[in-house]
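There are two complexes below, and they share subunit A, which is joined by subunit B in the first and by subunit C in the second.
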Partner chain A sequence: MNFVWNGPMIAFYVLALSVLGAGILMLSVRKVVYMALSIGGVFIGAAGIYILLGAEFVAVAQILIYVGAITILMMFAIMLTNHKAEEEPFRWTVRNATAAVGSVLLALVLLAVIRSTTWPVQSANLNLNGGNSNPVAIGLVMFKQYAFPFELVSLVLIVGLVGAVILAQERKEEE
Partner chain B sequence: MTGLGGPLFPIPTGSLLALGALLFCIGLFGALTRKNLIIVLVSIELMLNAANINLVTFSRLGVNPSLSGQVFSLFTITVAAAEIAVGLALLLAIFRLRRSSEVQDLNVHKW
Partner chain C sequence: MPNTIDWLHQPYWMTMGPLLTLVVTAFLVMVLELIFRNGDRRWLTGISMLGTLVALGVALGHFNAQPSQALNTVVIDAFSSVFSVLILITVFLVLLFTLDYKGSNRLAAEHTYLLLFAAVGALAMATAVDLVTLYVGLELLSIASYVLVAVRRKSTHSVEGGIKYMLMGALGSAVLLYGISFIYGISGTTNLMSLSAVAVTMYTTYPAITVLGFVLMLFGMGFKLSLVPFHMWTPDAYAGAPSAISSFLATLSKSAAFAMLLRMLLFIFNGVADKVFFWAGILAAITMVVGNFIALPQRNMKRLLAFSSVAQAGYILVPFALIGASTVQDWPSLFDSISFYLFAYTFMTVGAFAVVHIVSEQKHTLDSDALIGLYHRSPWLAVALSIFMLSLAGMPLTAGFLGKFYIFSNTVQLHTPWLGIVLFATSVVSFYYYLGWLRKVFQHNPEEERVAVPISLPMNTLVALCVVLTLVLGLVPATLLHPLLNAHWVY
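Take a look at the complex of A and B:
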């Protein structure tokens, strides 16, 4: 594999390193609020990678939903529950050691498989969007080819919304 | 070249998949070891994000590259949002009941 040091490649490696760094930061800080903030860094970095891959619509949706909604929702949950919560420092209990060994083994196996597989090289003049801009192309695919799943996912969303409200509300009648 | 409609940057697939795999393993480790329920949920989101990166990567490959991978990842993002909303609502209900958001206090069904 020969590495070409052009702009997009450097941008990719910087983004990948910052994503992984934010992920490791999330596991190493002890205050829960800082963990939720560093997961925002992971989400923003992933959005940058989507832009590099030419998936602008997914990137914007990622920023809107993950960074805008999910991180803020987590902040709300932290504030509404035990907002001074701190993780205790990492100790090598049997459970933690098993989890660490399992995760590292899984990572090694996955990396070995990825390395040993020859991946098809992307054709030089690949044009996924069919001449349109990416949001237009996504909209066309979504409403022509995936119209039925699109409607179903709205059903999932409404069920999730109503379920969340019902679960989170105070139950006065049982007290 | 531009990203809009033109040819895309040929970022090596192996590097992208390796990024996804490492992110997944970080999420897995967090979900297995953390005590706080919110952080367990966050780690699961991390794993979903790794899967999304793989989906967007694979949408550029194959005999017939298409936008299906990107549409799939949009669906995944939607389902992840619904999942986190329900998860946090459950967390609030549990916190109201037990005054704690730690995993080891949720042992009602353990016997």
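Take a look at the complex of A and C:
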């Protein structure tokens, strides 16, 4: 491996480390509110990586939706339900140890596969998106190539909404 | 792009026919459910069944249609037609099943159109040739199923089953997407037709990544198919959900997931089948052994059926493993085995859940001791349950036997006898617990008053349909095999 210490590379390492750090923090804190905050950190870091990859539109959408809406929604839900839940402190049990060994093995296999592959190097003047800007390209793909799954997603949303209502609504007919 | 008039005349609508019919029915039922708030609303289920029958008619018409595709996403070929018909028949049977929930026992009325939306997702999984569409279909089916499992939200078991199913399902989706992302990364396309064209190049250029993608996709779907070791949610979800929903999870979800798995693996890895498909064989062997042995000590009827469905998924995975040992000429025969077994499995499983439902409703317990003396209380139910159990175990003259026989003969023909031997040996084990039920059914219980088991008309119809279909497939398999053998399988 030859590291090239230019701006984007340094930015990538900073972002990647902060995503990893926020992820580990999310798993290790024991209070639900802190978990919601640290997952917000993961989302922001991921948005930074999207910018590095040239996907500015996805990055902005990520911040608007995941950081702005989902994390805040989670915080509100936790605060409004007066949720003081705390997890048990971590202990080494047989199950946790097996899970740890399994995760490390999986990580090693993935790392070995990824490192052993010679990835193609993109030429600098690659014509991405057929000359369109990011939002235009996304719109074209979404409404032409992926028109069918796009419509199907609306059904997923309906099912999600109806499901939430069924599970959360107070109703008499069940009594 | 065609102009507007041309576009309206495109056979797109026909290609998506069954799917669109179900979507329209689902929305119609949803609106009607909002308008008519009072009284016995089981007529909504009647409308849903009618819509399903129309969709089934359209899907049956596809058998004679030329292979075609719409929007580069949805296709008609024998593969999609066979699985669409299977899915629609299953939805019809499950809807018939839910008619039995009435009065104080009724389910939230929304379950009717949630079932239909789930079926739309299942149809998308059977007919789509694009990874994005397949995945969205899978999520539509899964999210509707999570809600349906937890639909009795006052019952702790129901909610516990729903949460476990959702967590494991989400994990499965993540693993599946991780695998898909590797394949997309090295090929740059999500369309299965384009992927199938570059399958060999992909493997020669990036062998390790391709194998990793295959394994992750197989394991991700393994969660949905409840293959061992990804089966932990199965008994809790099946036992917690209302029986109609359990039968839905055991049959429709599995058929759709098998259809999607077969379509994905076949199109993406067709050129390198001999290098990667043995993974499916290993998973099938583990699933058959563990599934059957865990089922042995179960006393809860629905948990036993859950483990039995785990084991049955292992049998159906065997032909997947054989794809690696075969040439393209053998593939149609393997598709026959898979779809024949799925048809047989659907009828006997729905039937078994129906009988368990009737018995447990009368006795108010899920313990298998509720079956003691069933023959003296209701000879008809006892005989029906015996047929389902013998078929699940694989006795001759039933559909289950022929399904296993076809898979077994495939293993012998394709020189993979060890899988056939595992299949045979674990089936022998399964006889122990299936026949254990039969012993209880025909056992005489002297202390018990002989109260006849009340059976509602829908349940009578459902059990009779399942008995007839199980026997017909067992005695005259050509009724199904003939169309399967003549089918032009892949678009």
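To be clear about the criterion, the second predicted complex is superposed on the first by the 164 of 175 C-alpha atoms of A that agree within 3 Å, B and C clash if a C-alpha of one lies under 4 Å from a C-alpha of the other, contacts with A are read in each partner's own complex, and residues count from 1 in each chain.
Convention: a residue touches a chain if its C-beta (ideal position, glycine included) is under 8 Å from a C-beta of that chain, and two chains touch if they have at least 3 such contacts.
Keep in mind it's a predicted model, so treat the numbers as computed, not measured.
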{"item": "First, second, both or neither for A:147, with subunit B first and subunit C second", "value": "second"}
{"item": "Subunit B versus subunit C as contact partner of A:80, first or second or both or neither", "value": "first"}
{"item": "Which of subunit B and subunit C A:52 touches, first, second, both or neither", "value": "first"}
{"item": "First (subunit B), second (subunit C), both or neither touched by A:99", "value": "first"}
{"item": "Which superposed partner A:162 touches (first subunit B, second subunit C, both, neither)", "value": "second"}
{"item": "Broader residue contact with subunit A after superposition on the shared chain, subunit B or subunit C", "value": "B"}
{"item": "Contacts of A:132 with subunit B and subunit C, given as first, second, both or neither", "value": "first"}
{"item": "First (subunit B), second (subunit C), both or neither touched by A:110", "value": "both"}
{"item": "On subunit A, positions contacted by subunit B and by subunit C", "value": "110, 114, 117, 145-146, 149, 153, 156, 159-160, 163, 165, 167"}
{"item": "Sites on subunit A touched by subunit B in the complex", "value": "1, 8-9, 12-13, 16, 19-20, 23-24, 26-27, 32, 35-36, 39, 42-43, 46, 49-58, 61-62, 65-66, 69-70, 73-74, 76-78, 80-82, 85, 87-88, 90, 95-96, 99-100, 102-104, 106-107, 110-111, 114-115, 117, 119-129, 131-134, 137-138, 141-142, 145-146, 149, 153, 156-157, 159-161, 163-165, 167-168, 170"}
{"item": "Subunit C-touching residues of subunit A, taken from the complex the two chains share", "value": "109-110, 113-114, 116-117, 145-149, 152-153, 155-156, 158-160, 162-163, 165-167, 171, 173-174"}
{"item": "Residues of subunit B touching subunit A in the complex", "value": "3-19, 21-30, 32-36, 38-39, 41-42, 45-46, 49, 52-53, 56-57, 59-62, 65-68, 70-71, 73-75, 77-86, 88-93, 95-96, 100-101"}
{"item": "Residues of subunit C defined as touching subunit A within the complex", "value": "23, 30, 70-74, 106, 108, 110, 113-114, 117-118, 120-121, 124, 128, 130, 132-133, 135-137, 139-140, 143-144, 146-147, 150-154, 206, 208-209, 212"}
